[in-house]
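What follows is a set of structures to go through.
In what follows, chain A forms one complex with chain B and a second complex with chain C.
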Partner chain A sequence: MDEDRLMRCFTAAFPGVDPTDIKEAKNFDAIPGSDSLRLVNLLAVLDEEYDVEIELPDSPDFKPYDGVKQYLLQHGLIP
Partner chain B sequence: MNLLNALECLKMPVPVGVRPLKVLLACGFTPVHLETFLAAYLSKRCPERRVEVRPGVFGDLAGNIRMLEREDYDALAVVIEWQDLDSRFGFRTLGGWQIEKLPDIVNSAERSLERLRNLLQNVASSVTTCICLPTLPLPPLFSTTPHQSSTFELSLRQKLAAFAEAVSLNRRVSVVNSQYLDTVSPPESRLNLRTELSQGIPYKPSHASIVAEIMSELLSRPVAKKGLITDLDDTVWSGILGEAGVNGVSWNLDQHSQLHGIYQQFLASMASAGILIGVASKNDSSLVEKAFERDDLLLSKSDVFPIAANWGPKSESVKNILKKWNVLAESVVFVDDSPTEVAEVQQAFPEMECIVFPKTDHAVFWSLLQHLRDAFSKTTVSEEDLLRLQSIRNSAAQPVSSAPDGCSIDGFLNKAEGHLIFTSAKPLGDNRAFELINKTNQFNLNGRRYDESAWSKFLSDPEAYGLTVSYEDKFGKLGRIAVLIGRPADKKFFVDSWVLSCRAFSRRIECHMLQYVYKKFAVDEIVFDVQETARNGPLMEFLRTFGAQSVHANFVLPKSYFYDRAPELPGYSIEEVVSGG
Partner chain C sequence: MKPGDTQESSVSDQVAVVFTEADVELFSEASGDRNPLHLDRAYAQRTPYGQPVVFGCLGALACFGQLRVPSGMCVRSMAADFLRPIFSDVHYEVKTETIDGVWEARLFDGSALALLARATIGADSGIPIRPIGDDSGVFQHAVANVPHAAEIRRGTSTSGAYRCNGAALAALARHWGVDDHQIATALCWSSYLVGMELPGEPALFFRLAFELQRPATPPSSCLRYRASTTYAGFGQIKIEVALESGDSPLVSGHCWSYVRPPVPVTEDADSSRVVSASMAGKVAVITGTSRGLGAAIARALEARGATVYGISRSQPEANSLRVEIGDAANREVLRLLKQRILNEQGRLDYLICNASPPLLPLTLEPNGAERVAEFVKSAIGLTLFPLCEFSDLLEIGEACVVIISSVAVETPVKEWPHYVAAKRAVEALGTVMALQHPQLRTVVVRPDKLITNLTNTPRGHVGAESPKLIARRIAERLENPPPAGKVEIQY
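And now, the complex of A and B:
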């Protein structure tokens, strides 16, 4: 699993945020500086990088980093 | 550049303490990716500036353009989409596509274009502006098959073309070339209907990247190159002149050498726009002379200067041509069919772009023409552009740096029948003055460049003063060749920028200019905001003749020093033009 590649997408969309904070965030709102613009950027970057249109669940319990990783694993987009 | 790269580019440290480059991005959709890409490309092109791209609000293109009236910006990027002309072209508004509504939709689009044209004429005249016409496919609202152009669609496109033509007449406005855009961004890969409906983002990131890249290039054009040096054999024509003879070389369809004819036509076109064309050829000079007498040659002898035809190294010929042109190697492109010659010149002039002429590869040849147009591009061709070649030819024929017939240089200059026109006016809207300030390297007080906004702002200061100088003598006209801008205060004159075209060196025009300033403002001292650059040796040398051990910022030249040490000023006739502004 190329964790660096996935984290690169997150840190590009959430500039200045520590990767640990991204990994540990319980939902998108918990990522420092999170707003709808950054979420749009994240989805577009993931689309470009993995050629996938991810539909994120509108749930306060969706852990962004782990959730996206699971999604990519389930769809065979990362080994 | 993909979105990940663009976002990472914007995370890089930005210069602090510098004036930001503020760009207003006006469009009617959510420009989130376009904004990111535009900021990233501009940051790459202007690493010394802190780039700020400000978008407007959703759905109000005209209102967003009007933001220029409320806040200062350095540049305006306008991205028009069909729904900005009539909301029924969009997918987020369901206004009806019935046949009977089509005439109204087209008429409504025409009215929108008219309003945009008026708006741009009013507000976009003060900043560099770039306009991108609609790039997304029109929705299928016409009754014709997608393979056929509907009369309504043709009418719509005609009105759009008329709008583009009208706004492009303003020299500060550039319009993105849709033909070029089609080659780099396939039309079928532009629209993202999903994000358009969910977020109002109609562009796929790949298309947003390309639109932003083109607009960033148009908003921050690099200085165009000045001259092209070309080989002759198997380049300007097909064949070796020394072997085939004057009538044996060709550039026509019959002998499968048409590429060379197209190249000649292209060089003649460049020469007609004031670009210097020189020849460096290993050849017999008398044969070359005869070849240029062929009346079917598309590149005439008058288009080319100088012609260096000899058996010496090409780099020597190139060196001599640069000297005659008095331009730097970095401003010149060298073209030759021989990779060996290209390598030899490239080694001698690492900063010069040296290109192998692709005499058998048509695709590469096509790319070469596109590349040369880009490198030598001009939005407008000034009178001075057209005078350039003739004045260089005249200078070479009558070199003023070495006096003929044993006369002194003073005697020579006095007999040149020089005529100077001093125009005292802030050169607002004077493209030539702006170009001189931004292109001149050698006689340049400090190498300071201005973008259009900074230039306008400086000259809008009521205290600011501008002087432009034109010159002609019995050998020909040079046109406007010098600009000085500054301000008088406390019996002194402070010079902020001062440039003199290299074509006007050695005529003591610079001394005439200083004398003019001393007299006009009755000042005792001129204070120069001088800064040594890698290229302004001639300017520094000139100032050092006035006794300074070291020339530094705020170098003061007292009037008495100037008159003690200045050489005798040639007795040129002087005309003074004072205009408002």
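And now, the complex of A and C:
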């Protein structure tokens, strides 16, 4: 899959954050600078990029990058 | 970058920055951005920020002022992310470095990143932009556009002529050390575009990304712009933008803005019909009645026959309210109100301490200490002074004190150490008030998040409750107040 495209969405929503920190974050709170606005940005960027409105689970165990990637794969939005 | 630095990387620099009201006014004069969130104190007081916000593009200008472009080179692309609101008279630090050929500046409030600016440079070809000498700008709008909901959609567009106020732009660029006026022009123009036109008044500009082109011929005295919304969703819009001199593009790229939704006026349903006469003859004082929960409580009590007096810093939504305009911690305001109540009513049955300062995230670190202390002092005063001033009136009869606290005292919010501390303190005041005045009945209310102006941020209303529901529960409890000498917690 085009991981660069997905990571661009995350770095657009979390500017200034190292992609490694994004990829390894265990939940959204673990991404530096994360707040509710960053989450909204991520939803909007994903919507614009993949034409999809994702429901992000409100769970401390939801790994943001892997979780979104899995969602997109399951819905056939990325090869 | 500085002379001697390579384009690939450079050592980080650090500079202290403070924005003043004069800086904000100069930016407004140069750019034509007159959005009231930045300039109108009374307007800003009714927003979650509680005070005027410094233009994000002014913050970006301060960052770009640290960029030194080598001779023969110019800025080819620029971007900025406005991550947190910036305020006057706060000490910020700008840290800069160049990594892999990308220059980056970060504006910090203590450890909190407020703004991130980036630029790439390339060979300079073409004519640099110079500010026009006269001091008149060309701005299509003198008042910020207030869009209809239908306008917040893909395809909405705008266009027109634009020119910065040349004298103000030159002063601005000089003050912040911005050598390249094309950067200053781009920031001024985009601030005007987003703050005044698209979307206009409800804008919260949060990102820009531009390519800059040098014109082949001297730029015309008046530029033209076009902008079109290419995405709208999740309370934000993305706008494709272009600024041109004749046929020459100068700036092209995108701007992103949140669109603050209007806060619904507290519904008048309860006051338009009489619920009961259970509070007929009763007299109440409520602090912070201009809108939100205070206004809702006032309506709920009036609907039950109570005579309600309010204290607020601005005119309330409901014109029927008997209001003293002023700060609820101002002793003169409180004395005037008490005298008025004595003259008109001779009694006080309910004191509802609802007023609280606007709430912004703060961190327990050196840069935040004074603001934390100021908030706590202000918040405690807004409950302490009314309690003390009305204590003798409250001793007559079976009076009831209501302290509006928050569920945050049980579930602290990480970004609100000041709010948690203040609410726990005002609850303590209510508790000791009950000990010192054992004939009083005391209710401490701990609401969760409410739909008010203070929570009117892009995500602030998610999971929020209507203040009318809380107000109704408070009114129903006051109809059957708890026993004297006890402190009851209500949610």
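Here, the second predicted complex is superposed on the first by the 79 of 79 C-alpha atoms of A that agree within 3 Å, B and C clash if a C-alpha of one lies under 4 Å from a C-alpha of the other, contacts with A are read in each partner's own complex, and residues count from 1 in each chain.
Keep in mind that, in the parts below, contacts are C-beta pairs under 8 Å (C-beta built on N, C-alpha and C of every residue); 3 or more make two chains touch, one makes a residue touch a chain.
Just so we're clear, the structure is a prediction, and the values are computed from it rather than from any experiment.
Contacts of A:8 after superposition: chain B is touched, whereas chain C is not reached.
By the touch criterion defined above, A:52 lies against neither chain B nor chain C after alignment on the C-alpha atoms of chain A. By the document's definition of touching, neither partner reaches A:30: not chain B, not chain C.
In the superposed model, A:78 lies in contact with neither chain B nor chain C. Judged by the touch definition given at the top, the superposed model places A:44 against both chain B and chain C. The interface of chain A with chain B overlaps its interface with chain C at residues 15-16, 37, 40-41, 44, 47-48, 53. Of all residues in chain B, only 2-4, 7-8, 10-11, 32-33, 36, 194-195, 199, 201, 205-206 touch chain A in the complex they form.
In the complex of the two chains, the chain A residues touching chain B come out as 8-9, 12-13, 15-16, 37, 40-41, 44-45, 47-49, 53.
Residues 15-16, 33, 35-37, 39-41, 43-44, 47-48, 53 of chain A are the ones that touch chain C when the two sit in their complex.
Taken in their complex, chain C has these residues touching chain A: 81, 83, 106, 113, 116, 206-207, 231, 233-236, 238, 258, 415, 457-459, 462.
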